[in-house]
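Per-chain numbering from 1; labels A, B, C and D assigned in written order.
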Amino acid sequence: MVPEPYYTALSAILFTIGVVGVLVRRNPLVIFMSIELMLNAANLALVAFGHRAGTADAQVLVFFVMTVAAAEVAVGLAIIVAIFRLRRRLSVDELSIMRW
Amino acid sequence: MNHLVFFAVAVVAVVSALGLVLRRNPIHGALFLVVNLGCVAVLYLLLGAEFLALAQVIIYAGAIMVLFVFAIMVLIPGKEETGPDPLRSQRLLALPLGALLLFEIGLILSSSVFVAAPPSRAPAGPAAAGGIQSVGRLLLGDYLFPFEVTSVLLLAALVGVLALAKRKAG
Amino acid sequence: MRFRQRFYLAEVLVGLGVTAAHFFANLGRHTARHVFRSKTARGAVTVQYPEERRPYSPRLRSLHRLVRREDGSPRCVACMMCETVCPARCIYIVAAEHPNPEIEKVPERFDIDLGKCVFCGYCVEACPEDAIRMDTGILEFSSYSRRGMIYSMETLLSLEPAGPDGTPRSPIPIPADRAPSP
Amino acid sequence: MSPVLTDLGIALGRVGFVMLFVLNMGGLLTWVERKQSAVMQDRIGANRASIFGLRLFGLFHPLADAIKMLTKEDFIPARADRALFNLAPLVSVVFALVAFAAIPFGDVLRVGEREIPLQAVTLNAGILYVFAMLSLGVYGVMMAGWASANNYALLGGQRAAALMISAEVAIGASIMGVAMVYGSLDMMTIVRGQGAALLPQYLGTWIPRWGILTQPLAFVLFLTAGIAATKRIPFDFPEGESEIIGYFVEYSGMKFGMFMMADFVETVVIAGMTTALFLGGWQVPHLAADGFHFPWGASVPLSHMTVVILQVLAFCLKVSIMCWFLMLVRWTLPRFRYDQAMRLGWLGLFPLSILNIVLTGLLILGWPA
């Protein structure tokens, strides 16, 4: 068996890459995908912890995370498409109309 | 054997995650993310979570990412992020910040809470804990209420998306 | 639409029934033909072309031929009617004096460019001497070059009319560039 | 021989059998497609390819096709995304091929002490696995559409993606009814469950409890959605070679061949899934593990090996019949328009399969056990 710390370490690396992606990229679609990467890394850590605890509760939680992610992606993509229709460009730097 | 699979998959996962962040073309990024999700599904299998692995492939790779690729194809923002970046200095800060975050997570994970020996009650074994039956029992037993609430959430998302998409452009 | 037709599935099943019935009927005929050596059962209306041929209609316009006189010289008098009437301008005639004073002229060259010919048959209609006919029954002529599609007078004179069922009696003229290499 | 090697050999044998079966069926289907359509339409069909004058009813045409495709120019458009362009056909074929792995082609084979389940991969959630692999196939199509740098291809890829999503939703919802009736997501368990008798208190042991009898609505829905998932006529608007051209316009040679191959392999997978879920899989009516037991009292004892061979043969036969049926549909129905197919998928198949789940649940709860 691969010990759980390996999984958590991998999850930490993936999470960090996701964070850097959110900070570095300008395309909202890529930022969105980086967020998905972070969610995914968190899921992996959850499953690893659940495996150590020997229960399936963590898996149920991850399942819920997936469902929420599906809903979130649908809404998020709809928003991005709506913004694209409005502005004809996609860059988060230009989306500052909501700023105070 | 398991170690070998783990390391191979982990390397692919990290490389594909880097590919998502580094590639200019969002389509390539999306496909790298699909690879990454597939890798995580394999890791779920290694952890004995068979149902989650399949759900990961079906929901994430099969549905969510198809939606992403679809959206990217419709918008075709292939020429984005080519102009000069006014916030370049701020963006470069992301790297030290990321390193700091990784260091912090590492500190937390190596703290006593997580390194402590596994709980005294013996793990019931991956087959019992990760099998589709146990997940199903929990999902429709202990977690029935959140399960039902999820359906309301999905409905709300459905209605919201329809409201957003129905609006005519301009 | 009737209710049953609005419910697409029923009509789909009817259609599947038709095609499946065809399938099994033809499969039975093919089996009778190939396994039990039946001579009459035919599962297909296909004509297996190079081996099997349908009889050509007697009115079919096929490769041209030039008709000969009793003495074997061409009946053509090089009047240029066909060359004039040809809409595709594929006929090229060079006239020459005929040794017999009763006959005015004879073609020295009579070339038909079959790469251009549209097989309209006007040349046959226009000919006052009935010297050109399109009844050889030959349809399969081909060449690797445009040059090879130009048929000379000698070739056209050597052709025979098709048999009663439309089968060509003379061999298909093979242009020089298609001749099997030695 | 060491036990590890034996295990490896057995695993290879199981996978190898399935691979051989699927690939050969896929190749054979190119011949069946031509010949069957010809027989249905009073034609003869391809029969010219020959080896030393031996024609064998055109059976050499798949071989000739392969040679032709391998030797054709492999053209890549100048502005294409080369990596994705090359990867796309591979993705299509691979996911179609591995999907068959969870479909059982026989019961347990006992050799000495060993019990070998006749299935390439033993999974607790086999249905979900096949479903997942089928849903991944869409990436090949979308990548092809994107990478070709051709707007027609892009539109074709998008049509394909939309079609496959709507088909998969219907597939997933319709197989849930079957999973409910047989109480498992494991294909082997589902097939075993279909060996029992239907309504034994009324009908005795005459009729086996096949999925097509317990779930007729799900059968129709699954078959329709399955045909849609193979992207073949009547749901072929993603490609529509002759009129609306689709995602593989820019492909030539063997890469084009691989897309065609993926369609045929998907047909085999759908046929195999239909067989396993609705037609009793490898079950032969009245055949138990020790021989035939007919309801009128007669019984024919058979050896274990004979029974296993009969079962595998029955599975192959059923899959062939299903492939024949799918071909029949393909050569009978006209193409749906894009909006018609979407309407059918989301307003027809999906609600009906939900209804099927509800009805099945009510029946299972209300049935006097």
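Please note the rule applied: a contact is a pair of C-beta atoms (placed from the backbone, for glycine too) under 8 Å apart; a residue touches a chain by one contact, two chains touch by 3 or more.
Keep in mind the model is a prediction, meaning the values are calculated, not measured.
Asker: Per the definition of touch at the top, where is the C-beta contact count highest among chain pairs?
Answerer: A-B
Asker: CA centre of subunit C versus CA centre of subunit D: separation in Å?
Answerer: Computed from C-alpha means, the inter-chain centre distance equals 48 Å.
Asker: Mind checking the centre-to-centre distance between subunit A and subunit C? Centres are C-alpha means, answer in whole Å.
Answerer: One centre to the other, that is 72 Å.
Asker: Which integer distance in Å separates the CA centroid of subunit B from that of subunit D?
Answerer: Their C-alpha centroids are separated by 30 Å.
Asker: With chain centres taken as the means of their Cα atoms, state the distance from subunit B to subunit C in Å.
Answerer: Each chain's C-alpha centroid was found; their separation is 69 Å.
Asker: Counting only residues that touch at least 2 other chains, which ones in subunit D make the list?
Answerer: Within subunit D, no residue touches at least two other chains.
Asker: Two-or-more-chain contact residues of subunit A, please, as numbers and ranges.
Answerer: Nothing qualifies.
Asker: Which of the chains touch, listed as pairs?
Answerer: A-B, B-D, C-D
Asker: Please name which positions on subunit B make contact with subunit A in the complex.
Answerer: Those in contact with subunit A are residues 2-3, 6, 10, 13-14, 17-18, 20-21, 26, 29-30, 33, 36-37, 40, 43-44, 46-49, 51-52, 55-56, 59-60, 63-64, 67-68, 71-72, 74-75, 77, 80-81, 85-87, 91, 93-95, 97-99, 101-102, 105-106, 109, 114-115, 118-119, 121-126, 129-130, 134-135, 138-139, 142-143, 146-147, 150, 153-154, 156-158, 160-161, 164-165, 167, 169-170.
Asker: Taking the complex as given, what residues does subunit D use to touch subunit C?
Answerer: Where subunit D meets subunit C, its residues are 36, 38-44, 220, 328-329, 331-333.
Asker: If you look only at subunit C, which of its residues touch subunit D in the complex?
Answerer: Result: residues 9, 12, 15-16, 18-20, 22-23, 26-27, 30, 43-46, 48 of subunit C touch subunit D.
Asker: Under the touch definition given earlier, write down the residues of subunit A that touch subunit B in their complex.
Answerer: Where subunit A meets subunit B, its residues are 1-2, 5-10, 12-21, 23-27, 29-30, 32-34, 36-37, 40, 43-44, 47-48, 50-57, 59-60, 62-64, 66-75, 77-82, 84-86, 89-91, 93.
Asker: Provide the residue numbers of subunit D that touch subunit B in the complex, in ascending order.
Answerer: It comes out as residues 81, 84, 123-125, 128-129, 131-133, 135-136, 138-139, 142-143, 145-146, 154, 157-158, 161-162, 165, 168, 172, 185.
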